[in-house]
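In the two complexes below, subunit A is the common chain; its partner is subunit B in one and subunit C in the other.
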Partner chain A sequence: MADDELIYGHRMSEWTGMGPIMEEDIAYSSMAQDKIGHALANYSILEKEFQTANPDKLAFFRKENEMMNCQLVELSNHEYDFSLVRHFLFDHADFIRYEMLSTSSFAPLAQLSKKIKGELKYHVLHADTWLTRLGNATDESHVRMQSALNELWNYALGIFEPSDFEAQLIAEKIFDGEKVLQQKWIEKISPIIEKANLKIPTSSSPVYGGRKGYHTDQLQPLLTEMAEVISSEAEGTEW
Partner chain B sequence: MYGGGYIQEEKQEATSQIDDAQKLAEFEARIDRGEKIEPHDWMPADYRKQLIRMIEQHAHSEVIGALPEGTWITRAPGFRRKLALIAKVQDEIGHAHLLYSAAETLGKSREQMINDLLTGKSKYSNVFNYPAKTWADVTVIGFLIDAGAIVNQVANSKGSYGPYCRALERICYEESFHLKQGHDAFITLATGTKAQHDMLQDALNRWWKPIMHFHGPPDKISEHTAKLMRWKVKMATNDDMRNQFLDMYVPKILEIGITIPDPNLKKNEATGQWEFSDPDWDEFKRVINGDGPCNAERLAVRQYVEEHGKWVRTAMMNPNQKVVIPFA
Partner chain C sequence: MPVTVFNKEEIHKSLVEVMDPEIPTLSVVDMGMITGVEETVTGVRVKMIPTFTACPALRVIKEMIKSKVESLGYENVEVQVDDSIIWNSDRITPNGKILLENFGLGTPQRHAGNFGLEEIAHSKCPHCGSEDTTMNSIFGSTLCRSTHFCFSCKQAFERFKPV
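Now for the complex of A and B:
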């Protein structure tokens, strides 16, 4: 979850100064801050509860095959259509995930999730507003939305790749599992997609691998860029 | 940031129009009494024109200024710096948003202003035509360029045009946080490893000239601004602002072991004025007229953004537009 937020926050932050209108520029920067903040909060739980390395080390010094984010979030931004549809697909799943986790038996995560879902509510609202407007506007905007949806759909299904510990998480009431999450997600997004005058692609084959450290060729350049400054000095150096 | 320490001046003759003498006298009396002028109040044509030009250039400076720093967001070292930098650059775009709105109250639309930026008709602060080559450049910008802008903006927030003053008050409030994070990052590098210290020194060496240019040419060669000062469009002269900046920040740079690349820089205690080498005003003019290291790149990025975002704006403004298929 932390890796998802970190990598996705990185992609969103790339819109700073580059948005199609100034209001969107500001919106994406704002959401990027939230995502990166969520990554930090999740890494901090790992450090505090499981004595892992500190958040900076976890985020900036791991290898590509140690990153567990889904591939959807690592894909380059492309144009605004691609970024918006990804934002819609990912944030709905993210919101539901944190909503489910807000009743987790693992107290630190439950507590954090309650806070995060309050922020994600606005991310989802933002995505829904833009998707329905652009899906219903000009021929060009409609076609762009549908093409992006077609292109991203299988990657979005990859969000729900089960982890090796799925059964244990469910048994210990930590998390109800990816299958339940995916079901809730489909139920939530289907009417909105319909309202946007778009169609869910009929054939689907989820892009799995991300949760096990397999990635597209678009992740490594991102990681290299992210670590460019911090890795120019010994680990632990103050910046 | 970034609020163009120096605003490009236009020849007064070219813009002067004859105003009703009685109304003008009433207007000037209001300004003398310290009253704010509001959008629907009568104002001289020149006052309107100069304000639009000034606020617009300020807004453009925020938009363009987001580029050299924005490119370091993805490379910022560690969570703390990364989060602070995104928040800061976001603020700058927010300032542009606020300023375009303030300028719109005077009758020029945001679209027109952005078009004028893209065609090179409107200017922005000259410092952003220089590159941010390393992380240390970001700290120099965040500390010293923001500091220079605050000097200018605090002065102008006491000006006469209500919407601009209110925007500036809010902007200054946010800028003071930018300055703190810039100063903190600056100190961290200055007192860090040798490589960090050297990187900072190198950045300051490269940025010193643009910093000295920031508040504009010396009063003796800058164009006549008496009317703008009388109307409280401009609240302090270039030399005054530069002097105030040097007073406040030179000691802060020197106290942490960073040197300033000008052997002639010193304060004349008798006059209270700083003395310094000629910062090459010819270069300043060359850069402002388009021949700087990054002028073309900055505008090219904005043109790219404009072009690639066009379909979104069309969809929002004319949602019913259909594709017309040509017959042949």
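Now for the complex of A and C:
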């Protein structure tokens, strides 16, 4: 979860200064800031509760095959249509995930999730507004949204790749599991996609691997760029 | 220096002078960020909560609170993020809302956890008081603001969002 937020936050931040209109520039920049904050909060729980390395180390000094983010979030931004559809697909899953975790038996995560889901509400509203607007606007915008949806669909299903700890998480009432999440996600996004006059691809084959450290060739360049500043400083430097 | 006797009231009062760096007319008290002031074995503990998870000003605010309490003569002042309480915009005090408006920001309505796009989109204009406004974007210049436009006075304005 933390890796999803970290990588996706950086992807979103790449729209800073590049947005198609100023409001979108600001929106993506704000959401990027939220995501990176959410990543930090999650890494901080790991450090505090499980004595892992500190958040900076976890974020900037792991190898590509140690990153557990789904591949959906690491893909380059491409054009705005692609970024927007990814934002829609990912943020609905993310929102529902935190909603589910807000009743987790793992108290620190439950508490954080209550906070984060309130913030993600805005991300989801943003995505829904633009998806329905552009899905119903011109022929060109409609075609662009549909082809982005087709292209991203299997990657989006990869969000729900179960980890090796799935059964344990469910048994200990920490998380209801990826299957339940995916089901809730489909129920939530289907009517919105329909309202946007778009169609969910009929054939699907989830892109798994991200949760186990297998990534596309688009992740490493991002990791290199993210760690460029911290790697140029002496170890232990704090800002 | 003699150790100052713990006076909760006095500390609380002093925190009214610690301003939110992003809205410098509003104190951390009016923002509803202070959740407790306690005496510890060796000093004072102030418990506080950030408004947004990704609030970039958190560290600065913690330092400001610490030095304010220290300026009263207290030693061993600890500022702790309180994990037991979650900030929401209902925590902003009535006085805080007046200060927000004076600062030029629309204010969030009380929502008790229940609000949707309609409540997010609708804001009274902080400049002329008109309700005839529209929302341009649910995001703004800081995480806590959305951007709006008033048809009555033809001014753009920002609003502190309901969270």
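Going forward, the second predicted complex is superposed on the first by the 237 of 239 C-alpha atoms of A that agree within 3 Å, B and C clash if a C-alpha of one lies under 4 Å from a C-alpha of the other, contacts with A are read in each partner's own complex, and residues count from 1 in each chain.
Following the convention adopted for this analysis, a residue touches a chain if its C-beta (ideal position, glycine included) is under 8 Å from a C-beta of that chain, and two chains touch if they have at least 3 such contacts.
For clarity, every value in this text was computed on a predicted model and none was experimentally measured.
J.: Looking at the overlay on subunit A, is there a clash between subunit B and subunit C, or do the two fit?
T.: Here the two partners, once superposed via subunit A, fit next to each other without clashing.
J.: In the superposed arrangement, does A:S141 touch subunit B (first), subunit C (second), both or neither?
T.: Only subunit B is touched by A:S141; subunit C is not.
J.: Tell me the contact category for A:A59 with respect to subunit B and subunit C: first, second, both or neither.
T.: first
J.: Does subunit B (first) or subunit C (second) touch A:M31, or do both, or does neither?
T.: Touch status of A:M31: second partner only.
J.: On the A-aligned overlay, A:Q111 touches which partner chain: subunit B = first, subunit C = second, or both, or neither?
T.: Only subunit C; A:Q111 stays clear of subunit B.
J.: Just subunit B (first), just subunit C (second), both, or neither: which does A:E233 touch?
T.: In the superposition, A:E233 touches subunit B alone.
J.: Which partner does A:E23 reach: the first (subunit B), the second (subunit C), both, or neither?
T.: Touch partners of A:E23: subunit B and subunit C.
J.: Should A:E119 be classified as contacting the first partner (subunit B), the second (subunit C), both, or neither?
T.: Only subunit C is touched by A:E119; subunit B is not.
J.: For A:D217, select first, second, both or neither according to whether it touches subunit B, subunit C, the two together, or no partner.
T.: A:D217: touches no partner chain.
J.: Give me, in Å and rounded to a whole number, the least C-alpha distance separating subunit B from subunit C in the superposition.
T.: Minimum C-alpha separation, subunit B to subunit C, in the superposed model is 5 Å.
J.: Of the residues on subunit A, which ones does subunit B touch that subunit C also touches?
T.: In the superposed arrangement, which is not itself an observed complex, subunit A uses residues 23, 26, 29-30, 33, 36-37, 40 for both subunit B and subunit C.
J.: In the complex of these two chains, what residues of subunit A are touching subunit C?
T.: 23, 26-27, 29-31, 33-38, 40-41, 108, 111-112, 114-116, 118-119, 122, 125-126, 129
J.: Flag every residue of subunit A that touches subunit B in the complex, lowest number first.
T.: 10, 13-14, 16-26, 29-30, 32-33, 36-37, 39-40, 55-56, 59-60, 79-80, 133-134, 136-141, 144, 222, 225-226, 228-230, 232-233, 237-239
J.: Residues of subunit B touching subunit A in their complex?
T.: 63, 66-67, 70, 73-79, 81-83, 86-87, 89-90, 93-94, 96-97, 100, 135, 185, 188-189, 192-193, 195-196, 301, 305, 308-316, 318-323
J.: What does subunit C use to touch subunit A in their complex?
T.: 52-56, 83-84, 86-88, 117, 120, 136-141, 143, 147, 161, 163
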